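You will see chain A twice below: alongside chain B first, and alongside chain C after that.
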Partner chain A sequence: MADPVIVIGGGIAGIQAATDLAEMGVPVYLVEKSPSLGGRMAQLDKTFPTNDCSTCILAPKITSCYNHKNVTTYTMTELVGVEGTPGNFRVRLKKRPRYINEDKCTGCAECFEKCPEKIPDEYNLGLTEHKAVHKYQPQAVPNLAVIDPDHCRKLQEDKCGLCEIVCNFDAVDYSQREKNFIVQAAAIIFAPGYESFDGDIVSQYNYGKHQDVVTSLEFERILNAAGPTDGKIIRPSDGKKVEKIAFIHCTGSRDFSRDHNYCSSVCCMYSIKHALLTREHLPDAAVDLFYMDIRSHGKGFERYFNRAEATSGVNFIRSRVAEIERREQDSRLQLKTTGGDGGFKSEDYDLVVLATGIAPKEEVTEDLQKLKVRTNKYGFADTGEFSPFVTGREGIFACGAVTGPKDIPESVAEASGSAVMAGGLASLDIKELGVTEAPPIASRAVTNQRTRIGVFICHCGTNIAGVIDVEEVTKRVADMPFVELAEDVKYLCSTDSQKLIADRIEEYDLNRILVASCTPRTHEMLFQDAVERAGLNPHLMEMTNIRDQGSWVHKDEKEKATWKAYELVRAGVARIKNALPLERGEVDNITRALVLGGGVAGMTAARELGNLGFPVSLVEKEEFLGGKAASIHRSGLGRPIRPFLERLIQEIKENELIDIYSGYEIEDISGFVGNYQLELSGPKAVELEGGVVIVATGGEELKPDEYKYQNSEKIMTALELEESIENDDNSLSDAKNIYMIQCVGSREEDRPYCSRLCCTQSLRNAIELKKKKPDSEITILYREMRSYGYYEDLYREARNLGVNFSRYDLETKPKIDIVEGDNLEIEFKEPLTDTVVKDNPDLVVLAAAILPGDDNNRISKMLKTPLNEDEFFLEAHVKLRPVDSSTDGIFLTGLAHGPKNISESISQSQAAAGRAASILSKEFLLTAATIAEVDESLCIGCGDCERVCVYKAIEVDPFEKKAEVNKVLCKGCGNCLGVCRPHAVDLKGFKNQQILDEVEALLAKDEEEFSKGGML
Partner chain B sequence: MPANEKEEFEPKIIAYLCNWCSYAAADLAGSSRLQYPTNIRAVRIPCTGRLNPLMIIKTLKKGADGILVSGCHPGDCHYIDGNYYARRRFIMLKELLEYSGVESERLNFTWCSAAEGRRFANVVTQVVDRVKSVGPWEGYLDQESIKKLEQETGNPGSTIVGSEGGVVDEQFL
Partner chain C sequence: MVKEYKELDLKFKEEIKSKPGGENLSLCFSCGSCTATCPVSEEEESFNPRLMIKKSLLGYKEELLSELTIWQCIQCRRCVSACPQNVRFADIIRVLRELSVSAGYYSEDLEEELEKFDQNLVKYRLKSLERVQSGKSSWETELPESGGV
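Our next item is the complex of A and B:
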């Protein structure tokens, strides 16, 4: 067994890191300070740029992480200290008392109602209240109550004690004390997240004083359908309808005076999201956004911004808000803004949302310093540009917002990347890895046996039994055909009841189990485990939801609810009676990675996998390694790339596990996860095979066809300028008057994406030139300055050095002419003075767009993995699966995936390696149990199923003309069933017949139903 | 139908809910203790894309007074685009069924995200009202009427009018 790794922080980054490590076979301790996993993302309503519901995408991830057998979760636990050395850390932890026995509490919520003490709800940022005994959030994981000791009457004054009295599990424990303990870990991943930073909004914008001034996070809760206002956008002060709403960007960010000069990178995007969602909620509302630059530099972000710009009622106003006053007469908020002409304007609003920034949590900065982990000047953990997760202390890795402001996909990618780094220290033993996931064995014979169903109906204390007559339902169901036993139980989820189910299976020789209780979403796994322990295949257990969708929603209609419960149980019996045991199949896995592309992205992925002990074949079409990085010289923050690149090349050449095929072209790729074949042509024909493919085929810099680029030596691209600076070219020594034009070929109609790195590249070049020759005149003509994150420091430095900045629009692009031989003339509109300026530059530098690789189309077809509209490779999910492609076993990194700088490519490649390792570490792959199956006698080979399957998991055999399911790839969505005309495809676990049986039982007329009074 | 009888009519409505969004929304409605009518019977399916149109028809045939299909919002599908297929299919089917005399109030398609418990409760309330407004569903043929029809027009499975032969596909009855 590998050594354990500890992950500090249970937000999305921590969850991803823990899951990846656990999948690699590494035991993980996941430590979370609050009572529930989920972190900041759990508080968000929707996510940009797809407006995906945050909970919908996050909740399954949390549950699968929490339930992973290699993950041990400690909630309400904090880090105290770390001793020891990498490979052998002793981590001291402190667990705050929950005052609830975690083994006994079932999250039934019975105590909440009785608790007399109301307190502000932390999860809803105090916008609403809950009780002193409560759940941190409705969908808390673990699903446990917690008592706030500061407000509990029992703990404060030794009165009350009601929760203990009403608890049926004896789970309330006022005597709990703080617990200190130590865990051993080979490595530490630090992912404690961020704090929302608001600068001086209290004094400047009267936040806190005016109730209708809210922060962006508060607005997320207001937008949320499960939030304090049920998703209604109303004025918090008086609940009145909002007609006009303002969003103020950069509150607390890009604020030099407050020591927060950096850009928080996400606020522009989430404010655009807020604007769009506001219009969705209130189609008549006027939405104004006050901003400095719109920084929509991520993948797909520019389109989102364009969409918002085109939305009527949404106005982008480039202006700073000076102050907010509340008007006495109608209590609306008056915003004073600086106009373009230097004067002030004022406008009234109902609600003002402050786009607060990302800052390191104060206590985390302290923790970091305690751990001797270097922090940067802003208090974030300091990591290297070429080693993005490595902190100043060996064996401790940092990911997510603790290393700097970033959005969710970057945090997720970093988490996978740090999982790789930590996995390297956990002494993975590949030979024993496959053992970590052996398929379960169900011993009890089921086929050729008479169906004997055991029905267990839960009272859930009074949660169910308080509304539904559970005994009555049990009595009725007991008489049904196939039902061997029907039993009602006080609490089915308690440990005793689990044992009871197992005993009954033995005693009555039950071979199908129906549990009527709460929701399968939270408890299916528990009951599946219970029947499995009794030797029954877990898919022979079904759940019927009579609480969340029964007693809780019909509490005033007891008879009808009872009848409904009976019908649901009856339908459950009908459904389970034909259930068959389902096994997860085993498929051989080739534990070698195929890496396409020998640039920094490909080499980094290869190196990480090689370091973990996995064999890698790396393919590069050029004779040399290095890709684009071979022609660039400086990193985002200006560090030289050459030495790093040389070291990287040397490392992968020296690693015996990495085979390099440079000078080889990709001819064909076929296969699927666990079994890919790659054909190469080159010095000789080569055939390779591997379990995963990492696509790192790179991109290109645009050679512009505008601004007379082709016509003069004095006009060059930013990359060419970088080369000249590095070589100290003579051509530069004469250049005194230099113009840089941004967005050349980007953010235009036929290429509507932002190339992300050109702004920082130009700033860096300008700084470099200005330092060499302070008397040179440099002007940067830009559309939006996108120096996101720490790169804002470069913007500031450039301005301090005297670099001029002038903004232009797509309609007023600068013009360049060649006059009198080889002299240049530039003409542009200066927006501040609204005049047309003419000048004769010595040098014009074009910030040219990043283009997708020429080969993307061809490779995408071979891999059957899609490209996005801009022809970059498309990730499986823009938020939570940023380096996975929609095809299993294919991972994306570097410029092949989208424009990004070298540091971001490295981080993404380490992530791709991490994701790949979680597959490579298995000797065989397990197929899902609930997958599609084809009845060949019915299949007509029409191929409709093939067309709708996004996973390419079903294909018509060209010779047999019959559809075939690829068991590894099938996710069990059942889309193929929806289109199959001869009904030849069926879905295990959700068979047509099972569902029809269920529906029939639901609709069946019962002799007694009229006599029941509550006719349904 | 007399007005008072219509008022007392309690429809049976089958709700096909996708596991990832709408089923979660229904659970959230429960944990938020939102109340809605008891007429709804949820059937959990992995994705609304799994629903074959025939399943909807069979549900009507088996005696449901109304149907609700609820999946993830567009773009939120756990299986990428199953809900888009479902939507397209459902629109077609609905038009076809309307043409053949099934009131549009009986067929309902919507989306609820996992955070939209309130929306789910509202949807159910609305759907129940809609179905109530058109009364019980008696439009399907029971076995007896089919037999009668067979005698009159020959075998419905046959393409030749008056023919006694042909195969009746049980599945499509």
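Our next item is the complex of A and C:
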């Protein structure tokens, strides 16, 4: 067994890191300060740029992390100190009392109603109230109550004690005390998240004084259907309709005067999201966004911005807001701005949302000091540009917003990357680890037995029984055919009830179980475990949700709700009666990684996997390693690339586990996760195999066809300038008047994405040139200055040095002419003064777009993994699976995935290595139980199923003319069933007959008809 | 309007930056906070601090130093506290005034006259306050033609 790793912080980054490590076979202690996992992301309503519901995509991830057998979660627990050395840390922790016995509480919420003490709801940022005994949030994981000791009457004055009296589980425990304990860990991953920084908004924008000025996080809760206003956008001060709303970008960011000069990187995007959602909620509202530069530099972000710009009623106004005043006469808010490029303008609004930035939590900065981890000048954890998660203290890694402002996918990728680094210290023994336990074999015979269904109906305290007459439902169900036993239970999820289910299976020889209670989303695993312990195959248990779809939505119609519950249960009975035991299959896994591409991205992924002990084959089409980085002079923050690159090449060359094939072309790739084949041509023909593929094939810089590029030696691209600086070219020393033009080929109709790194690159080059020759004039012509994160400091440094900046629009692009031999003339419009300036530059540098690799299409077809509309490789989920492709076992990194700088490529490659390691660490892979199966006697080989399968999991055998399901790839989505004309495909666990029985039972009008129909 | 770069005074920004108070000129990123907070701009559309900074950076030396605009500032320094980049426009305008005087566009006396005027305005304000409080008179929001002194 590997040594444990401790993960501090149970937000999305911590959850991802813990899950990845657990999947690699590493035991994890997950430590969270609050009473629930989930972090900031759990407070968000929707996520950009897809407008996915945040909780809906996050909750399954939390649940699977919390339930993972290798993860031990400590909530309400804080870090006290760390002693020891890498591989052998002793981490002191302090667990605050919950005053609730975590083993006994079922989260039933019965006590909340009785508690007399109301307090502000922290999860809803104090916009609502809950009781002193409460759940941190409705979907808290673990699903447990917590008592706020500062407000509990029992704990404060030794009065009340009502929660203890009403608790059916004896779970309230006022005697709990703070607990100090120590855990041993090989490595520490620090992912405590951020605080939303509001700078000085109290005085500047009268936040707190004017109720109708809210922060963006508060607005997330306001937008949320489960939030304080049930998703209605109203003025907090008087509940009146909002007709005009303003969003103020950069509140507390890009603000040197308030010590927060960095850009918070996410506020532009979430404000755009807020604007779009506001229009959805209030189609007539006028929505104004006040911004300085729109920073939509992430993948797919520019399109989102374009969509918002094209939305009627949404206006982007380039102006920082100086002040907000409340007007006496109509209590609307007056904003003082410049209304764009002009002079003073004021405008009135009903509601103002401040796009507050990301700042390190004060207590986290203290924790970092406890850990003896260096912080940067803004108080974030300091990590290296070439080693993005490595802190100043060996064995401690940091990921997510604690190292600087970033969005969710970057945090998730960093978490996977940190998992790799920590895994390296956990003495993974790949011969020993990850041997997946064989699935337990169900001992209880089921086939050829009479169907004996046990139905368990849950009261859920008053949650269900308060509306639905559970006894009545139980009585009716008991009389149904095949039902051997129907029983109602107060709380089915309690430990006692789990035992009860097992006992009843034994007692009545039950072979099908139906649980009528809450949602399978949170409880299916629990009940599957319960029946499995009694020797029953877990797929012989089904759930019917009579809470979310019953008592919760029909509170006022108790009788009808009872009847509906009965109907739902009888449909469930109809469905389960033909359920069959299902087993998961096993397939061999080749524990070697195939890495495509020998640039920084590919080499980093190979190095990390090699360091973990996995064999790697790395393929590079050029003779040399290094890719694009070989021609780049310095990193984003100005560190020289060459020494780093040389060290990286040496490291992978020296690692015996890494085979390098440079000078080889990819001819073909086939197979699936666990079993990929790769054919290469080159010095000789080579065939390789591996369990996973990491795509790191890189990208290109555009060769522009505008601005007279290629007509003059004095016009070059940014990459060519890098090479000239690196080689100390003479041509540069003569250049006294230099122009840099941004967005060349990016953010235009044909190529509507932002190339992300060019703004930073030009700033850095301008700084370097200006420092070398202070009397030179350097002018950067830009559209939006996208110096996100810490790169904002570069922007300030460039201005400080006297670099000139002038903005242009797509309609007023600069013009370049060649006059009198080889002299250049530039003409550009300066928007504030509205003048056209003419000048004669010595050198023009074009910040040309980053293009997808020209091989992307071919490789994408071979890998059967899609590209996005811009022909970069598409990730499985933009938010939560940023380095996975939609095809299992294929991971994406570097420029192949989208424009990014070297530091970001390294971070993503470590993430890809982490994700790959979670597969490589398994000797064999388990297939899902609920997958499609083909009845060959019915299949006509038409290929319709193949056409609709998004996972490439079903194919018609060209010789047999029969469809075949790849058991590893099939996800059980059911697409193929829908199109199969001869009904030759069926889905295990969701057989057509089962669904039809269920539907028939639901449609049956009364019992008589019902007994004739579905049950026969 | 088309301007040849040679018509612009490229060294003007360095000239301003070399004077006390003008050092931070080029730190401006044109967000407009100064203009949006300025009580003069609210009254007088043509008074636009952000534009004056841009013009200084571009080298509109003659225009800036010769026109009356730079003398409209009341030195309330709200622009200084509103600026996220610590550009300190109120100090820059003092540099511009100094340069304007030394270039001979305006006499030194103007500065003094304006200061005297502002002092008198304060006196007038205090006196009015007293009169209103003692019930002798009601508010006069319009000042007399002479400037109220």
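Structure notes:
Going forward, the second predicted complex is superposed on the first by the 987 of 1016 C-alpha atoms of A that agree within 3 Å, B and C clash if a C-alpha of one lies under 4 Å from a C-alpha of the other, contacts with A are read in each partner's own complex, and residues count from 1 in each chain.
In this text, a residue touches a chain if its C-beta (ideal position, glycine included) is under 8 Å from a C-beta of that chain, and two chains touch if they have at least 3 such contacts.
In this text the structure is predicted, and so the values were computed from the model without any measurement.
In the superposition on chain A, the chain among chain B and chain C reaching more residues of chain A is B.
Contacts of A:473 after superposition on the shared chain: neither chain B nor chain C is touched. By the touch criterion stated above, A:836 is placed in contact with chain C alone, chain B being left untouched. By the touch criterion stated above, A:886 is placed in contact with chain B alone, chain C being left untouched. Looking at the shared chain after the overlay, A:248 reaches neither chain B nor chain C. Contacts of A:564 after superposition on the shared chain: chain B is touched, whereas chain C is not.
In the superposed pair of complexes, A:648 makes contact with neither chain B nor chain C.
Judged by the document's definition of touching, no chain A residue lies at the interface with chain B and also at the interface with chain C.
Residues of chain B touching chain A in their complex: 10, 12, 14, 19-21, 23-24, 26-36, 38-39, 41-47, 49-52, 54-55, 58-59, 62-64, 72-73, 75-76, 78-82, 85-86, 89, 113-119, 121, 171.
Within the complex formed with chain A, the residues of chain C that make contact are 1-5, 8, 10, 13-14, 17, 26-38, 41-42, 45-48, 50-51, 54-55, 57-58, 60, 82-86.
In the complex of the two chains, the chain A residues touching chain B come out as 45, 50-57, 59-60, 109, 138-139, 224-226, 230-231, 519-521, 545, 547-550, 552-557, 560-561, 563-564, 567-568, 571, 886, 930, 948, 950, 971-975, 977-980, 983, 987, 990, 992, 995-996, 998-1000, 1002-1003, 1005, 1015-1016. Chain A meets chain C in the complex at residues 250, 254-258, 292, 318-323, 336-338, 342-346, 777, 785, 795-796, 799-805, 807, 830, 832-840.
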